[in-house]
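Chain naming follows the written order as A, B, C and D, and within any one chain the residues start at number 1.
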Amino acid sequence: MTLRFALLGAGRIGQVHANAIATNPDATLVAVADADPQAAKVLIAIHGGEVRNMAAIAAADDIDAVLICTPTNTHADLIETFARAGKAIFCEKPIDLEVGRVGACLKVVRDTGAHLMVGFNRRFDPEFIAVRQAITAGKIGTVEMMHITSRDPGPPPGDYIKTSGGIFKDMTIHDFDMARFLLGEEIECVSARASVLVDPVFGDLGDYDSASVILTTASGKHCSISNSRRAAYGYDQRIEVHGSLGLISAQNQREVSVEIATAQGYLRPPLHDFFMTRYVAAYAAEIAAFIASLSDRTIAVPGGEDGLRALQIAEAAQKSVRTGQVEGV
Amino acid sequence: MTLRFALLGAGRIGQVHANAIATNPDATLVAVADADPQAAKVLIAIHGGEVRNMAAIAAADDIDAVLICTPTNTHADLIETFARAGKAIFCEKPIDLEVGRVGACLKVVRDTGAHLMVGFNRRFDPEFIAVRQAITAGKIGTVEMMHITSRDPGPPPGDYIKTSGGIFKDMTIHDFDMARFLLGEEIECVSARASVLVDPVFGDLGDYDSASVILTTASGKHCSISNSRRAAYGYDQRIEVHGSLGLISAQNQREVSVEIATAQGYLRPPLHDFFMTRYVAAYAAEIAAFIASLSDRTIAVPGGEDGLRALQIAEAAQKSVRTGQVEGV
Amino acid sequence: MTLRFALLGAGRIGQVHANAIATNPDATLVAVADADPQAAKVLIAIHGGEVRNMAAIAAADDIDAVLICTPTNTHADLIETFARAGKAIFCEKPIDLEVGRVGACLKVVRDTGAHLMVGFNRRFDPEFIAVRQAITAGKIGTVEMMHITSRDPGPPPGDYIKTSGGIFKDMTIHDFDMARFLLGEEIECVSARASVLVDPVFGDLGDYDSASVILTTASGKHCSISNSRRAAYGYDQRIEVHGSLGLISAQNQREVSVEIATAQGYLRPPLHDFFMTRYVAAYAAEIAAFIASLSDRTIAVPGGEDGLRALQIAEAAQKSVRTGQVEGV
Amino acid sequence: MTLRFALLGAGRIGQVHANAIATNPDATLVAVADADPQAAKVLIAIHGGEVRNMAAIAAADDIDAVLICTPTNTHADLIETFARAGKAIFCEKPIDLEVGRVGACLKVVRDTGAHLMVGFNRRFDPEFIAVRQAITAGKIGTVEMMHITSRDPGPPPGDYIKTSGGIFKDMTIHDFDMARFLLGEEIECVSARASVLVDPVFGDLGDYDSASVILTTASGKHCSISNSRRAAYGYDQRIEVHGSLGLISAQNQREVSVEIATAQGYLRPPLHDFFMTRYVAAYAAEIAAFIASLSDRTIAVPGGEDGLRALQIAEAAQKSVRTGQVEGV
């Protein structure tokens, strides 16, 4: 049975998901909604479907699932609306920037029995999946410590920063989820330090552009994280996990990897210029997993609780920076 | 305007191209022909279109172009048939195993003014394109020498070997085309040595499984090639080009590149297990280039002459092994 | 003028330095002292010189400089003795495990005007020197963040742990010095977390075997450090420094780097099995630098203050683990 | 017992070997001879010993062995002189540029029972030794094909070229020996092509600066070799050996391997600038092996026959370039 989708939000990430739907044999794009009707029109011209408003989509009986790709501050309301409308829901992270609001939203999800998946795309990256499989297969023994390097090529615009929720809720939140994904144990405590080193605008907006974090679990495992809003050489996304028997690491990816050797040395190209190209395979696999979970009637992972846990860690990190103390999650 | 395609041959490579057509917004798959109607049916169930026979496709006015993915010994006849029928033609390599037959076929192509592209897929690989662009941009100065390593993961079945034309026309022919693509000068002479080291069946069939070749151009540039029908670690496809200012190299690709470090050492996964996965991007780009050449009414490259030249080099290589001499092309 | 040395302590590291003296054209080994006279005899049989006791060496007028390679708890006393005796002093790290004792010792050094160098061997590693030179040359712009990975191949014996001063004073202290060496700014605050993950004996002795640390400077630069007493794949010593224009990294070294590719994948050898082989070049360069500083009458670097600063950071790290707070240095 | 050496020839390579003798506990440098007495004096000022002439060294009873590091055209005569004088002999490659002269010289060596080792330094490189050990240990199964890349950083001066014997006897000869060292089977045939691509001076002197060679053995194994007198990125020395179970490769070495990532990409330093730095460990191990063979009264390897075989392959390569034919060795 082909699953019928509505896309809510026709921006950058909405376009990525529309493409995933269009090329998935088990799914079809029926409707697109966007506050800007022109954006919705452009998208349906490429991928098909028709423009509808939110209410029409909620009421429609030719739609099985929605993909929420609208601005963050609309996510929780939309999840509640479509959960009550009986639609399956894929929602881009985060559900909301406030832990309390997320909790209330997830109660509606539970009460309605809605099928909800949260868009932590990196869990679907082939490299990171291979890391997890190797861990599960016991290749490195018992996991003890890990280190995540996550550095954006450059800072986002000021308008984005203002509504982003800050570096921990916007950027590090992916790393918090990845730590949970790979450590195999919940995060118990957070120590975080943050600075403004890249652009004073972050400080002006009460945010940071550089952060170092140590997460610990009840059994004493560590995950350290290094974040920056700037990496001149491209989108730096590395993970290494140390266990009792060894180390597994996922290195950076490039568009092409040719190497030129001259009198100046051996030069390889910079990395991907951002997540849209780095995580192409992950985005496609993510939507495929959502579709598969619907078809198979299995629980969608990562789900609402995963979104909530990562947000709680982010709040603890924010607090740790303020207090200078280790904070519990 | 959307280009309407017929696919001739619904085997492994035909399926790859059908997928490229199906996901290309400027193309549509109208018809599929195969000696085995069941194979054609399976393919249209996935990618659309209808099953037709060759004659119907040649006569159809709803078809602009054909993709010839049938057995090699049918290529030249089909090119002539569809050239006369006024269809644009993409033909998998080789056009034929005999230089004389290729020449006759290309005469028909010229006489009919047919639009013909030959499937040397590696010219469309992003890595090798980057190599060529760097050369063209002068990054390594004047090209002087190059080395191609091309090793299959394992030998093909005996039935395949029998009709393959031998290692030089079946396998090294890709490397001969790559040498022409990157040296920027025609091959003038060939020295070749070949052995049976992998499986005696090659010798029983009058073929070889291991070959080393030196190509030279009029100005004295060299390209050495190393081929084997076996590489336990996967599909080994490397190119390096040396110039007056330096070296550019394209290294191997993998599905995933995670590295596991244990007491035994640092282990990365084997390479792609064959061309179908290694050259995914190349196959898609190849068909896209064919479509673009049709849309833009530009000459398709690589064309029939490129197919002919590579075959001539292969014949010279075969002769060089027999005579122990450098042979002219 | 050839400088005349006495070696105090004929153990493992004493032998390394004796070899450096023996092969340095500007130095000669005159005397060796060790609590175990047999050990001293073995060493002079290889490298020359004669066995003397400490008092004789202090009184000798044929000795210009001493190398203190005795157990840690003797370092401060020996520095004071030989400073008063007018000898130049190279002392293995640390000067002492107590900040107060180090301060008192350095007062004697200042009062006597003694020439003192402290053995932070990694400052002389060619890789790390190249990192520093690239930073100084502006290759990565303004330094912002760095990450040090330092993992021993396996835990030391229990007897060693007891007198080691704990992981921060014994192991991380090298990383603290490296952070000061490369950040170009003093460490202001420390956040540290530590666990017992490798062997319960560490916990039994009040120590840890796994640690994660974040150092920050007054201007907000970060250095994160990841330590473990176990790395199945060898002695893991990596540094990366991020700046406004890019990243510079020093990767691990191996005895040999041949790679074997089989059906299991691509395998490179494990790393060096410990510091004695990993830092061969650094140890030789360290003693050469000490000799050069004596010949040129320049200040020896790293000196006593460098030893003191690293120790102060280690104490702050110990305190941070206890308090769960960021601690000032 | 300490072996007493005389060094014949105080040039660049003589200095390297003098240093190896000086730092070897089982050897001492007693005498140095050079046509330029000043060069000899400079060397003994650093490494000890006294200046003597050839006749005095041959007659001396305080000298056990000589190291012949004089110009090539003196090698065969000196070997004969010192073989008759009963000295053990280490001779830099080649013994002579003419196969006939080498044969006559080796007859004297046989007749006198002299202990002779020839300086193919690369056999003692730790990387290449590791390659051989892996092969011997069966890691890659039966050896089938190999490829050697050997490219000098830049051309030698014209005066050197004139007396070098040409690219095959001067440069490729090392690769011929390495092929014999690793293939485990004698070379039977040679196909060679050569060009002047780097500097016309090579052509003016009847020589080449670029060469590609295919060696084959009786059982059909191949070794291809790629040589150039220019590599802008440094001294390019790579070997890969393919077997029935996989591939083993030795990659290039660098002084330091730090990597700098900026907006331009990831840059590693160029390679060693020539053999004097690249093969430091090999030169030391070579002399140590010579000393060990003397101490243990074992046969020195590589010996005179190894020098002869490599020269015969070089002559066959020269002939193959002239005739355009495969030539037997």
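The rule is short, and it goes like this: a residue touches a chain if its C-beta (ideal position, glycine included) is under 8 Å from a C-beta of that chain, and two chains touch if they have at least 3 such contacts.
Quick caveat: nothing in here was measured; it's all calculated off a predicted structure.
Among the other chains, which touch chain B and chain C together?
A, D
By CA centroid distance, what chain is farthest from chain B?
Most remote chain from chain B, centroid-wise, comes out as C.
Measure off the straight-line distance from the CA centroid of chain C to the CA centroid of chain D, and report it in whole Å.
40
Could you put a whole-Å number on the gap between the CA centroids of chain A and chain D?
Between these chains, centre-to-centre, one finds 58 Å.
Return the residues of chain A touching two or more other chains; collapse runs of consecutive numbers into ranges.
Answer for chain A, listing residues that touch two or more other chains: 232-233, 245-247, 261-263, 269.
Spell out the part of chain C that touches chain D in their complex, as residue ranges.
23, 25, 46, 126-127, 129-131, 134, 139-140, 245-251, 253, 255-263, 269
Using the touch rule from the top, collect the residues of chain D that touch chain A in their complex.
Touching chain A: residues 232-233, 261-270 of chain D.
Going by the contact rule at the top, pick out the chain B residues touching chain D in the complex.
Against chain D, chain B makes touches at 141, 144-145, 147, 149, 151, 189, 191, 193, 195-198, 210, 212, 214, 216, 220-222, 224, 226, 228, 230-233, 236, 242, 244-247, 324-326.
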